[in-house]
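Order of writing sets the chain letters: A, B and C. Residues in each chain are counted from 1.
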Amino acid sequence: MDRKHLKYTLTWALLITMLFVLIELLTVFDIIGQYGITTIVLIGINLIAAVGLNLVIGMSGQFSLGHAGFMAIGAYATALMTTALPSIYGFILSLLVGGLISGLVALAVGIPTLRLRGDYLAIATLGVSEIIRIIIINMKITRGPAGIFGIPAFVNWQMVFVLSVIVIIIVVNFVRSTSGQAIIAVRDNDIAAESLGINTTKYKVMAFVAGAILAAIAGGLRASFIQSVSPQDYTFMQSITILIIVVLGGIGSISGTVVTAIILGVLDVILQNFGTLRMVIYALVLIIVMIFRPKGLLGTTEFSLQKLLFDSGGSHDHNDSKNARS
Amino acid sequence: MTTTILKTHDLSIKFGGVTAVDCVNIEAHDNELIGLIGPNGAGKTTLFNLLTGVYQPTHGTVSLFNGEKLAQVNHVSAYKRAQLGIARTFQNIRLFKTRTVIENVLIAMTNQTAAKTIHAIFRTPSFYQHEAKKRQHAMALLDIFNMAHVADELASNLPYGQQRRLEIVRALATNPKILFLDEPAAGMNPQETAALTALIKQIQQQFQLTIILIEHDMNLVMTVSQRVYVLEYGKILATGTPTEIQQNPAVIKAYLGDDMP
Amino acid sequence: MSNIIQQLINGIILGSVYALLALGYTMVYGIIKLINFAHGDVYMLGAYFGYFFIQVLHLNFFIALVLSMAVSALLGMLIEFVAYRPLRHSPRIAVLISALGVSFLLENGMSYFYGSDKKAFPQAIRTIQYHIGSLQISNIQLLIISTAITLMILLTIIVQKTKMGRAMRAVSADQEAAILMGIDVNRTISFTFAIGSALAAAGGVLIGLYYNNIDPLMGMTPGIKAFVAAVLGGIGLIPGAALGGWLIGILETMTQAIGLSDYKDAVVYAILIIILLFKPTGILGKNKREKV
């Protein structure tokens, strides 16, 4: 079994390295240009935020509309700390601090509100996110509605690429851990989970906090990459942007989130040429995809190399190949 | 000498103006198999929900044996009571339908010897060892119930009778001291019910636990139970051995009405 | 003191518009459990229809109001038919995303065709200020509140007394059972969207007249506020929506009056969260317990 896992892990590593080298070559020979690199970075950042939201919405089944608030915390943490401490260590520290503050806020907010169900939770999280934004607008240190400019740039596409890969690996493995499985159990049937000794609140809060930390990291990366933050960047619409990636990909499918983040990123590039019509086309795409694929592009299935390459139809390792979720 | 491991004192709950469970005093001893019967709407499931912590009583207490003495658990939530050794099945089956049979059982082992999340994230050898051990245990349990061959089926694809049995396996996987079975034979055909009857006896002997059982199939209840409680309008109407209950005039009247010759 | 009463009056006026919008949210939610994110944009379109009827066709304000409500009702039915009906048996979140799509479509479609800048709403009715002591109230404000109350009474009559209203209540109580009782569910849902959209349009036209200008994004913020109002009152409940709308209008103007205008939205959300924590289904909502 261990040899099989090794083979499987190595194949993945090889594929990811190949993708990395491919992008490197494209940039070295200037085939995709600065605009292409920007697109890759933004895809990676959206991906990290969306994987975090999928943990909350897909895995734990809690409908959150407040992801933007947690991204804002990370973005401002990085903006403020790297301005004061303009070094790569300051930047890394700012990501950690942003994640920590965001996680603590999520903990404080999550414990009381995660008792709420469905749409009530959605509106409460939306409220929390807006409150975070309004506080940022009104604080002196965050420089109010104008935001902060001239943030030192530490983010390049290589860093975002590697971080995205790490985040995906951690989240996928977390989902398959005992805690991850408990989170899904709570989503599927909270009363049954409770009857088995699973502390439903603990696991809901765990997923919520993990999602908030990832959102903050995404926010921090974005602040440093675009070198500015403003409260306008983190409105309800930002939460919706991330939500759309999760739902279009398929709720609960990490592969779906990855695929959709990339598709939407590329679509954005194509639509640039359409000027004002861009959002109209985007809106139509949303409606049409939902009508024809109401469970998202990938539904609940996960892409599995093991199934694709190693599965001969006989015995297979259950965890990796059979990961169908609701 | 047997130990009392569960005891209630004047346990009551009101929903609006209706007293669904009214001053119920029951007790259960270790390794006892107790039947709980009564007409529809008598409050049997509500009593289960009070004992397992799904509902909070409006009056009275529930006490559980904690290894030394009976301790009141009124304010102990359902998941903590489960950790204290209470497990249950549900009248309206509550499996994790999108998960496989074995995953349902594995989830029930959440609180036992789990590999630390950090090991899972970094896929350490310890994670694989733990996983293998848990799977082995889960398969062994499924095997007792002749369900090992369906371990990788989705729970929702099982026939009804097997779904009920899976709920029992899942409950047992938590290592309970008391097992509450809420109408385990509901919807089963006579053959399945007969097999279940044998199985319940087997579980109780093999796992050395107390079973409290709600069931409408009188044959099953009277065969397996050592003692029976009869509930009517939220109150305990009678208690005794199956034979005593079958001869109790009040019980006969409750079940068959006044017009018996 | 008089300042507080003045703010209370302003709050009630603003709240009337939120209430009109919240009613649509709550009816749609009650019947198909959808947070209809496009609702705020129907309100925006309603204002544009009103603008068209008054500015281009030179119609009387009240005729324009009624026509705008009628056209918006048709639009609401069309939106439901195209974007929500095909998803009747899909996961709820899919319908939600479809609603967001409709919202983007309406906002950006209007920007694309009519420009994203503000348009001056014609002064179809000349503003007259009335003074009572130190308080002042305009004829437009009186018009807003009386129209809102009239429409709410009409709505109550429709829901309580008509056959369609009974069908609406039946479908929102139990869709399966309603089908068995011979109720045409699709028609009922369509009707619900028509009514909700007409109310939103009325709100849009009144606000256009009150603030003198309209733009394609004018529905976004009031849309969210109205949704908050519906949840605050107890989503799915018609009296709850009215109550929630007025409460939020009053809360907003009151926080402004005590000098916290920068935090007015934060206060609204904070109060919403606190109320939900104590009453998880809103002020008038009933807690349903799941049968175990």
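For the reader, a short list of remarks on this structure follows.
Methods note: contacts are C-beta pairs under 8 Å (C-beta built on N, C-alpha and C of every residue); 3 or more make two chains touch, one makes a residue touch a chain.
Since we're looking at a predicted model, the values are computed, not measured.
Ranked by distance of CA centroids from chain C, the top chain is B.
Set side by side, B-C and A-C show the greater C-beta contact count at A-C. Annotation: 41 Å between the Cα-based centres of chain A and chain B.
As a whole-number value, the distance joining the C-alpha centres of chain B and chain C reads 49 Å.
Centroid to centroid, with C-alpha atoms defining each point, chain A and chain C lie 33 Å apart. Multi-chain contact residues of chain B (touching two or more other chains): 54, 90.
Multi-chain contact residues of chain C (touching two or more other chains): 292.
Among the residues of chain A, those in touch with two or more other chains are 191.
Within the complex formed with chain C, the residues of chain B that make contact are 45, 49, 54, 90, 92. For chain C in complex with chain B, the residues that touch the partner chain are 291-292.
By the touch criterion given at the top, residues 1-2, 5, 170, 173-174, 176-182, 184-185, 188-189, 191-200, 300, 318-319, 322, 324-326 of chain A touch chain B in their complex. Listed in rising order, the residues of chain A touching chain C in the complex are 57, 63, 112-113, 115-117, 119-120, 122-124, 126-128, 130-131, 134-135, 137-138, 191, 236, 240, 243-244, 247-248, 251, 276-277, 279-280, 282-287, 290-291, 294-296. Contact residues on chain B toward chain A in their complex (touch as defined above): 52, 54, 77-80, 82-83, 87-88, 90, 94-100, 102-103, 106-108, 110-111, 114-115, 117, 119-123, 125, 127-128, 131, 152, 154, 170-171, 173-174.
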